[in-house]
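One chain, subunit A, appears in both complexes that follow, with subunit B as partner in the first and subunit C in the second.
Entry: the complex of A and B
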């Protein structure tokens, strides 16, 4: 009996996996993300501290790509290739945590306003609208200038400005689930708020939220790069956006040092694209077309 | 006019229709009966080549001598609607919500260049002229369905195919729509092919009857003869499933168990209950009692407030005024006491497919109530044994076969049994069932009715059955309460109310109810 159950559960899970695998773009995106994550984790362990220390580098500044430095050097003589590799960690970390924060707030606000309705929902929705109409970037800039500089501030600034769309979506999904007769049945059985939310609403919202989170990571990485490019990032850390900021600040364009601008830009595009592709493929798994 | 010979339809390797032969002459009315999945709609759609591409159609479908299967695209377009048209089921979904119904009726005439006007058509289906300017949501279900009929007649077809034209409508409206359809067919000498799962509807409208079962035509003949003397066991099962009001053979509730125990305090008593939705009064000063172990049917049209009344009894809605008394104590409005009350009273909803969370296995769906209320002490491996017992009580045997299934893997009848098991597991004393068999196939319907009666016999379970179906009330109930516009206009024993009604509204309902009784066959 239990073996039979396990087999059935397995076949359902493998159905989802095979749907995902049938989306080649999604598989490619997932592969890129695995590589990026490995690089972000391993790179700091392998790169000698000297190589990225401005005071100890030996190479000449603004060196064009060559045999010794594949992607050339920056204005201080550091290897651009090593900087890109080192920056992956910051970009991914900020992207993931900010997206988690945004999706977490959004899910909470969405479910609470969808489930309880009435005054609570009214108040929450007005707050959502407030954040929705404010230009997120401007708000993020304002927040990161007011708060002390650091990685935490960036995460907070991005997270606090990008949750409203998730909240709207989760609320809509909550409302459709709550209108279904099985929720009425659960209430008639004596189930309270916790039961209805935990057993019925949350399980049907989670897949959507997961997809949304994947897409939110992409947005958060772009937002992080933007903030860093504007010089509002953590000055002690290397990130792709910060590299672009440095390049712009120290005149990479008049120097015609394309090798300082292009690699971080391409890295951002590739990782964001990978997240988007994975998100789209997951969307297809979650909402199968009939 | 229409001649179908050796029609077979395959989807992939699955054969959904096999070797069907049908003939229809002008002015003839043919009913095609069958349960869901019997292939009756597939046959109808094949007449106008409306099946999806994945369907493989073999055989011959001659419409006025032309084979629909091999017709050119242009010819097919000309034939569609001009020679044969369809009244689709579910007018709500078949009408465009953002177009005025007048424009929608005119659309086929414009496409085919037929002369005619919308006014005449509306008059034919007994709708006022002004309605042409209405949008679909401004019309009632019966009016929408009559718009669909007007649309089907727009290009003067000689054959009309009606696919479950009255399924979503309640009895009174259904009777009106059927009357219009019947009159038009007779006046204009149309051929009518009507598809329905409901034999009584077909008996009202059609002279001939064909019964389909698992893709095959199992019986065909004059409607009266087929119903009075079914040859195939499936036809017999279908006819038996529709109770004849007044026929003692269809009265399943045993009278001896239902002696009025007036001395005892009733299990549920509703006093002067009033419920408002904003300014509309949905329930208006209702008094109702359900005795211990008694089955009471609450009948009425849609919109009569019967569902609101049930929701209020369950404590799912707050009444504006009045009291609900259960087992001698007023039903609490909130908190722990309300939760405890809900353990005693269980709800069975109309559509089992939507009453079960599609992600929950049968085990979880049945155990849901137990998990909410906690398992009573002293039961060895509590949850599993209780769930198994409840599932087997609901006649899903052996339970282990079903516990791990998801709802969509079960049939409609099995799903409804799961819902009932989920109620039984809490050992309730009253079951409130909202149209418990309305969405089920005829043959399953009887089984569920029998199950409810058996539960009453074995567990002393009282029920309040909400239905628009007087036949169901006759079959199952001890007492009937008739509800009209928020008020209970008549209540009493089944025999008294249904055989000797005292209120005009009850008489109207009884007249409208389609009946298979020998004296009530098609009256042309």
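Entry: the complex of A and C
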């Protein structure tokens, strides 16, 4: 029985991989993400601390791209290319952790409100619908205004405000699965809450949650850049949104300093698009067309 | 009965908005008065007055009751930076935001629905692939960055700050032209953000109708292709997209904050930015309660409208 299950699992997995590989956009997205992750991990090890220290840079500010600084310099004379590379870490970290937090809360709320009926489920559903309607970004702005500035605040602000769509979806899936005869059989054989949730509900929810998480990272990265642009980011860290905040603050637009404006924005768009494409390809794997 | 349920649900949501607004400013670590007056010359008397205004000297339940009853009377407290009632400041800034958001929503809905219909009708055509690709890319573009790019690319073609010039002639026509001139870049920015979603929803909604039997019947009657589309497919597919206009109101609100900040458009979004840079907690609380309340009302309208437009969904 177990060998049969393992074989079936293997064939399903390889089928899933080949479905994913048939989505060229998804493969391209995955490749971009691998590169971005490598850059984020390796960059801080290779960039000398002096190069990004405002008090120690020697280059002239607002230098257009040239041989020495091939993406030019910012208002303090730092290399824009190095700033973009350094910023990848912050954007990816916030995007991933905030998405993880949001999807975690969403999954928990979704399963609890789907599995346990009654008053608790009703209240949870009510709260979920309430937060689903409210604009998440507005709440995130309010939260990060009242909390002290920092990376943790940004993650909390985004994570705590973007879980409802996951909760909705997980709840629907939980209800669908629990209506199936094999769950009824498991219950009749004496399976408790833990057994039903752990062995039947969770495995069926995980693929959907994975797709949701990928798309949530995309949303979270845009949200991080928006909060940082509004000046709510961690002032001690370099991120793409924070770079654009500086660009706006020091008049990159009137000065036509396109080299300070384009690279961080393009970086955001490319990474967010990559997550979206991977998410859509995963979605095609998880929900095959009938 | 369902109608009463919907109204009751919306009323409950409004109460929850009020509770949210109250507790958001109770999670401020430390003394909110200290963090609000940081870097400003304030006397002890002023701080005590602020504390009394927050009701920090009273027990939590009595604080909430005071806040809730004044909220019901339209009293949102006094803004710290403007030194005027929050409700007055918000009302003053409502006009410019309604102008910007209204114009952009109308254009975005029209353009999004048209593109969505064209894309779905010729599925997998070059046009379909191009518009879907553009829509996905636009979805990944941060609003504020798009605004800054537009500003840089157009240069001096359009004014980039504020809503009107001070030296414009006072007659109505010149004033309207001036405001319209200022409106171009912010509304393009906002349209780009919202339009993509309308387009994608209209596209998938029409795709679901594409193989419906009644379309085959219409074709069998010998109707021309665009008549089948206009008279039969689109009216059925447009319903979800229309209610989306109301459901996605929150998205527009969020877009308005960054757009107005980039272009210094003197509306509620810029007021939001002023409130968070202060930080001016009363103003922020008032803005949060008002926008969240508006979103709840819009959502209720969407549900009711759907019932009117689509008799299969019984709401009333």
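Keep this in mind: the second predicted complex is superposed on the first by the 277 of 290 C-alpha atoms of A that agree within 3 Å, B and C clash if a C-alpha of one lies under 4 Å from a C-alpha of the other, contacts with A are read in each partner's own complex, and residues count from 1 in each chain.
Here is the rule we use: a residue touches a chain if its C-beta (ideal position, glycine included) is under 8 Å from a C-beta of that chain, and two chains touch if they have at least 3 such contacts.
What you are looking at is a predicted structure, and each value in this text was computed from that prediction instead of being measured.
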item	value
Combined model on subunit A: subunit C and subunit B, fit or clash	fit
Touched partner set for A:118, first subunit B, second subunit C, both or neither	neither
Touched partner set for A:48, first subunit B, second subunit C, both or neither	neither
Which of subunit B and subunit C A:130 touches, first, second, both or neither	second
Partner chain(s) touched by A:256 [first = subunit B, second = subunit C, both, neither]	second
Superposed model, angle subtended at subunit A by subunit C and subunit B (C-alpha, nearest 10 degrees)	90
Residues of subunit A touched, compared between subunit B and subunit C (which is higher)	C
Partner chain in contact with A:218 - subunit B first, subunit C second, else both or neither	second
Which of subunit B and subunit C A:143 touches, first, second, both or neither	second
Shortest CA-CA distance in Å separating subunit B from subunit C in the superposed model	7
Interface residues, subunit A side, partner subunit B - complex	1, 4-5, 8, 180-182, 184-192, 195, 199-200, 203-204
Touch list for subunit A against partner subunit C, complex	126-127, 130, 133-139, 141-143, 145-148, 218, 222, 225-226, 229-232, 241, 244, 247-248, 252-253, 256, 258, 261-262, 265, 268-269, 272-273, 276-277
Sites on subunit B touched by subunit A in the complex	314, 316, 338-340, 342-343, 346-347, 349-351, 354-357, 359-360, 368-369, 371-373, 400, 404, 419, 422, 426
Touching residues (chain side subunit C, partner subunit A) in the complex	12-13, 16-17, 24-25, 27-29, 32, 136-137, 139-145, 148-149, 151-152, 160, 247, 250-251, 253-254, 257-258, 261-262, 272-273, 275-277, 279, 281, 284, 288, 291-292, 295-296, 299
